[in-house]
Amino acid sequence: MKHIVEAVAATTHDHHHFFHRKSLKATAPVRAESEEKTSNLWFKCPKCHELTYVKEHLDNFKVCQKCRHHQRLSARERIEFMLDENTFVEINSQMMAGDPLHFANEGEIYPDKIKQSQRKTGNKEALVTGYGTIEGQPIAIAVADFGFLGASMGSVFGEKLVRLIDLCLERRLPLVTISCSGGARMHEGMFSLMQMAKTTAALARLGKARIPHISILTDPCYGGVTASYAVVADVILAEPGAMVGFAGPRVIEQTTRQKLPAGFQTAEFLMEHGMVDRVTPRRELRQEVATLARLLDRAAAPVAKDNRPLFTITLPKKIANYQ
Amino acid sequence: MERLEELKKALPHRKHKHDTAPDEHLPPVEQSSETHEVWAKVQLARHPQRPHALDYIKRLSPDFVELHGDRRFADDGAMIGGIGEFEGRSVVLLGQQKGRDTKENIARNFGMPSPEGYRKALRLMEQADKFRLPVLTFIDTPGAYPGLESEERSVANAIAENLMALAQLKAPVIAVVIGEGGSGGALAIGLADRMLMLENSIYSVASPEASASILWHDAAKAPDAAASMRITAQHLHSFGIIDEVIPEPEGGAHTDMLATIDAVKAVILRNLEEIEAQIGDGSEDALEMLLASRYEKYRKIGQWVE
Amino acid sequence: MKHIVEAVAATTHDHHHFFHRKSLKATAPVRAESEEKTSNLWFKCPKCHELTYVKEHLDNFKVCQKCRHHQRLSARERIEFMLDENTFVEINSQMMAGDPLHFANEGEIYPDKIKQSQRKTGNKEALVTGYGTIEGQPIAIAVADFGFLGASMGSVFGEKLVRLIDLCLERRLPLVTISCSGGARMHEGMFSLMQMAKTTAALARLGKARIPHISILTDPCYGGVTASYAVVADVILAEPGAMVGFAGPRVIEQTTRQKLPAGFQTAEFLMEHGMVDRVTPRRELRQEVATLARLLDRAAAPVAKDNRPLFTITLPKKIANYQ
Amino acid sequence: MERLEELKKALPHRKHKHDTAPDEHLPPVEQSSETHEVWAKVQLARHPQRPHALDYIKRLSPDFVELHGDRRFADDGAMIGGIGEFEGRSVVLLGQQKGRDTKENIARNFGMPSPEGYRKALRLMEQADKFRLPVLTFIDTPGAYPGLESEERSVANAIAENLMALAQLKAPVIAVVIGEGGSGGALAIGLADRMLMLENSIYSVASPEASASILWHDAAKAPDAAASMRITAQHLHSFGIIDEVIPEPEGGAHTDMLATIDAVKAVILRNLEEIEAQIGDGSEDALEMLLASRYEKYRKIGQWVE
C-alpha cells in the first residue's frame, strides 16, 4: 500500500512541530531491529509495511506514523532522545565482562561474543549508565541495549546499575531505568541470576532514602530483569505494544498447552492486569518522566526522631572517580 | 567419581575478587567424566524420595502451624509457609513443596509456585519483619510455574517484591537449597544472610534442559549444559555465591532422610546463632547493620574487568 | 434417620475423652440458634437432623457429631469454652448504647430494642470483652454475641474493643477477637459506620507495638466487622462452614443476576481464595490459638535507635478503673 | 425549604459528648417536610450533572498524572488515583469516579469500586506515606461493588487494609464527600485528618434504599429512611462526625461546577495549610503527633452510657 511520498512527508511534517526541537540525529544507524530495509533513504515498517523517509522516521523517534509501531532503539538512541541535548555524562563506561565460567559454546568463547557485541553497539556492555537532565529535571539514567547480547543481565549490568544507585543516594538524584532484556546472561550462569538480588537490594536502599525510581519497560523485556529492578519502581511506564513478561510465550505454550490470548504480554495486557501505571507513547515519555521525577523528587531525606539521618548509607569509597 | 569429588573439595575455597581479572583458571571442562559426575548430582537433586521442604520444617519445628493464602487471590500448594518454634525461638518457615505421588504433585503443581504462592511468602516475610522473627527457607523447585495465569497476575512482580522484602527484613534470613534451585522462582525465597546448599543439590540460572535448548537447541544435551553452567553446590561455593555446602549421607539424602535433615538442622542452628550473636539485643542500629551486611553480600557477587 | 441412642452416646462418649476436661456447662441455654428443639433432653441438628443428647451436644461444644455442623455459640458459651476455667475477668461490662439518632422503627424505639437483647443474652451489649488465659497463655479477648441485635457493631461495640486494645498495649497482652456480625447497627447510623475506622485505627497502634492479633471468624460474619478489625490480624482462623463475607448473598444475586457457586462465602471458600490462614474445627481452637499467641507473643517492644520506645502510646487515663 | 435550611444552619454546632447521655434532644422527625428536604438533598447528591472526582482533581492539579493498576490483579475504572501538584506541593489524589453517560458508567461500574480499585488506592497511599505526600480523596460512590468476584478477591480485606494504611499514613489526609458517601466502600478512602462534605452530599451506613428494605422491607420508603438515618452533611456535622460543610451554589453544585470546585479547593487548601503548620518540619515526632490526633478524632466518635 504505497503512500504518496509528499502526503507522508506532509503528515510527518505536521507531527514534527509537535515535538520539541529534539530528534534523532540522521547519523544514528537505523538497524536496531532486523527490519527489511528498502534503502538508506526509505524505512519500511515491519508491522504495516508503510514506507517512510528515514529522516522523517528519525524525527518521529522511530515510531511508525501509520500504525504506531514503536521500533526498538539502541541505548545511545534512547539516551539521545530522552535527555536534554549535551547534558548526558556517562559513568563506568569502561567496565567489561569477566568470564567466571570460562564459557564456550560451539567453539565460540564468551570473551569473543562480548567483543562482537561491543563492535555492533559501540558500548562495552549491555547497560549504559550516567546522569543528565530531562526537560531541565536532573536525573540518573540506566538504559539497556537489546543489541548487546539481547540486553542480558550479567555481572557488569548489575554492578553498573548498583553504582548508579550509589550516585543517586549520594546526590539525591531520581533514578530512571529504561529496560529491555532477553533474559539472563547464560554465559555467566549463577552470577547472572544473583544480579536480580543485587539490583533489587540496592533499590531497597534507594527507597529507604525516599528517592524515586521511574521504570520504563520497552520491547522486549523478559526473565530476570522483569522479575527484579524493572518492576520495583514508584512508577512503571511501558511503551505501546512492548512485549513484557517473565516466561516467554513459547515456554508457556509448551508447558501448559494453553492457547495464548491475542495481545498476550503486550504493554496493554499488563495495563489491563494492573501491572503498569501507564502505557505512554514514546513522544510523550520525556514530558511524563520529567513531571513524575519533579513531583516525586521533593520528599526530604528521612530524618530520625532526633533528626539524625534515619539510617546511614555506606557508600563505596570509589564514587569519586567515575570515568 | 568420589576421587574427583575429594580432589574438588581439596581445592582451596577462593574468595573471588570482583574487581580484577580472575587470576587462576578453573580446570577446563573434561566433557565426559565431569558431565557424568554433575549429571549424577542433578538426578540426586531430583530424586523422588529426596526429603522435601515439609519434611525439614516438621522436624525442625514440631509445633509448626501452617498459614495459608496470600490474602489477595488464592492459596498455592506449591509454597508452604507458617510459624513455629525452632530451638526455643519463634521463626517463620517457608519452602517450595513437591508432591510425593502424582496426586500430590498435581495439587502442589510439582513444587512450581504461582504468583499467589510467592505473595503468601511475602505476607509471611512482612510478619517476620513485624515481629523480628528469623526466617528459614527451604528451596526446592524446578522454577516458577510458567503459565498463562502466572503472567496475568505477574509472577515477575511477585518475585521482585519478595526480593525487596527480603532485602529489608529486620531479622536473620537463612536459605537452604535442599533439591533443585530453579532460577528466579527459587531466588524469590533465597535472598538471605546465609545461603546454604546440600551437597547433591543444584542451583541454576535456567534448568539444564532449558539451558541446553537455549544454547544448542537440543534439550537432550542437558547433561552438557549442567556441567558447563556450574550449577553444583561445590562450584557455587567456590564462586562465593553460596556460603556452605552441607554433606549428605553416602549415596544421597534419600538414603537416610533423618540424618540429612538433622545435618541441615545443625548447620542452620549454627549459622542462626552466629547472626543472633551479631545482632545482640536486636536494637534498630544492630538490625540496620544486619541489613547492610546482607546488602554487601550481594553487592560483592559478580566478576568484571575495569 | 434415627440413631440408636446408645450408639450415639457411645460415639459421643468416645469423642468426649478426646477433649480436655472442659465442656460447656449443661446450664448454658441451648438456643443460640433458632434450631428445632425436640425437647430439653434431645438436640436435633438443623443440617443433618441427627438427634443427640443435649448433654453430649454440650460436651462436644455444640458441634454435630455426624455432619460437623458448628452451631452458633453465645458470647458467654464461647468464653467459657475458649478460656481456662475461672480465668476470665470481664471489663467494661456496664457500657450501654446511647440513642444519637433518637431511632424509632414501627413504633419501637432503639432503647427498648436494647433492653430486649439484654434480657435475651444477659449482656449489656453485643461485644463482651476481658482477659484471661488459654492453656495458660495470657490473652485479652473480645467476643461478639449474634444474639444481641445480630452482633451489629455500634458505638459501644467499638469503644469496648478499643479499650481492650488499650489494655493490650498497657500490659503487652495478645488480642484474640472472636467475631460474628449481621452488619452495621442501623439504629446508630454513621456512628456505627465510623466504628470500622475507630477499631482499625486502634489495631494499627497494636501492630506498631508488635502485639499480635488473632482473629477467629464464626458464623455468620458480614458487613462492617468483616471489612474492618476482623480481617486485619496477624492470623485469621475460621470455623468450618462459617458464612463470611462483605455483601450478603441476596444483595449480590439481585445486583449481578449471577448464579452463586456452591459453598459461596463459606470458610472453605475463603480459604481457597487465600483470605483465611486456617479453617479450624472448634475443638482444636483452644490449642491452636494458645500456640499462635505464644509464638507471636515473644516479639520485644520496638525500640528506637537510641533505645527510646519507637513511639509513645498515649493511653487514656481511665484504664485503671475497669469494672 | 430554604427557610428551614437557614434555621438549621443557625443551630449552634454542638460538640457531642461521648461519655454522658445526650443532654438535649434533636428536634423530632417531622415526617413530611424533613423527609422532603432530606430527599431533595439525596437527589442533588446523585444528580447526573454533579461534578465528579476527576473534575475536581484536574482543576486542583492541572498536571495530574493518573496512575493505574493494583499491581496484583487489574485496573479498576471506578477508582481514580495518581499524583500531581496542588498549590506548589506534590500530593496524591484519589477518588471514586462515576460515568457521565451509560458507556462511561459501564466502564466505571457506576463508581462502585472492586477489590482491585481499593488496592490501587492502597498502593498509592503507601507511596504517599513513603514520600510524605499529602493525600486528597474525593468520595462519591453508591458503595463497593456487591459482586461475586468482589467476594472472591475479598473487598472486605481491601477496605480494612485501606483503613489500616490511612491510620498510619505519615502525611496529611483530607477527604471530601462530593456526592454519595456509600458506606464502607466510601469510608475505604475516608479515614482522614479532616472530613469535609459538600452541602448537598450524603454519607450513610447503608444507602436509603437498602436501609428502607432492611427496616421496612420496602425500598420505596427510601425517603423516610434517608430522613431518619441522619445522612446529610448538616446532621453529620452536628454529630461531630464531619468537620466542615462546604456551601454549594444556589440549586446545587451542578448549576455552577466551577464555583463549586473552587469553593472545595479553597476549603481543602485552608485545612491542608493548618495541618502542615502543625507538622512544621515534618520530623518523625511531629508526624507521630499527627497520627495520634488522627486516632483521637475517631476514638471520640460514638455515643454510649456507662
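Note that the chains are named A, B, C and D in the order they appear, and that numbering of residues resets to 1 at the start of each chain.
The rule is short, and it goes like this: a residue touches a chain if its C-beta (ideal position, glycine included) is under 8 Å from a C-beta of that chain, and two chains touch if they have at least 3 such contacts.
Predicted, not measured: the structure shown is a model, and the values here were computed from it.
**Student:** Give the chains in contact with both chain B and chain D, ordered by label.
**Tutor:** A, C
**Student:** Along the shortest chain of touching chains, how many steps lie between chain B and chain C?
**Tutor:** Minimum step count, chain B to chain C: 1.
**Student:** Among the chains here, which has the CA centroid at the largest distance from chain B's centroid?
**Tutor:** D
**Student:** Can you check which chain pair, C-D or A-D, has more C-beta pairs in contact?
**Tutor:** Pair with more contacting C-beta pairs, C-D versus A-D: C-D.
**Student:** What's the distance between the Cα centroids of chain C and chain D, rounded to whole Å?
**Tutor:** 30
**Student:** Could you state the distance in Å from the CA-based centre of chain A to that of chain D?
**Tutor:** 41
**Student:** Would you mind pulling out the distance in Å between where the CA atoms of chain A average out and where those of chain B do?
**Tutor:** From the centre of chain A to the centre of chain B is 30 Å.
**Student:** When the C-alpha atoms of chain A and chain C are each averaged to a single point, how far apart are the two points in Å?
**Tutor:** 53
**Student:** Among the residues of chain B, which ones contact at least 2 other chains?
**Tutor:** 71-73, 153-154, 157
**Student:** Hey, what residues on chain C touch two or more of the other chains?
**Tutor:** 207, 273, 275, 304-305
**Student:** Can you tell me which positions in chain D touch chain A when the two form their complex?
**Tutor:** That would be residues 63, 65-75, 83-85, 89-90, 116, 120, 127, 130-133, 282-285 of chain D.
**Student:** Which part of chain C faces chain B closely enough to touch in the complex?
**Tutor:** Interface residues on chain C, with respect to chain B: 207, 210, 212, 234-235, 271-278, 288, 291-292, 295-296, 298-300, 303-305, 307, 310.
**Student:** Which of the residues in chain B come into contact with chain A in the complex?
**Tutor:** Per the touch definition, chain B meets chain A at residues 16, 18, 21-22, 25-26, 28-29, 144-148, 150-157, 159-161, 163-164, 167-168, 183-184, 187-188, 190-191, 203-206, 210-211, 214-216, 228-231, 236, 239, 241, 288, 292, 294-295, 298-299, 301-306.
**Student:** Given the complex with chain B, which residues does chain A contribute to the contact?
**Tutor:** Checking each residue of chain A against chain B gives 94-106, 154-156, 158-159, 162, 184, 186, 188-198, 200-205, 207-208, 223-224, 226-232, 245-247, 251-252, 255-256, 258, 260-261, 264-265, 270, 273, 275, 311-312, 314.
**Student:** Looking at the complex, which residues from chain D come into contact with chain B?
**Tutor:** It is residues 71-73, 119, 153-154, 157 of chain D that touch chain B.
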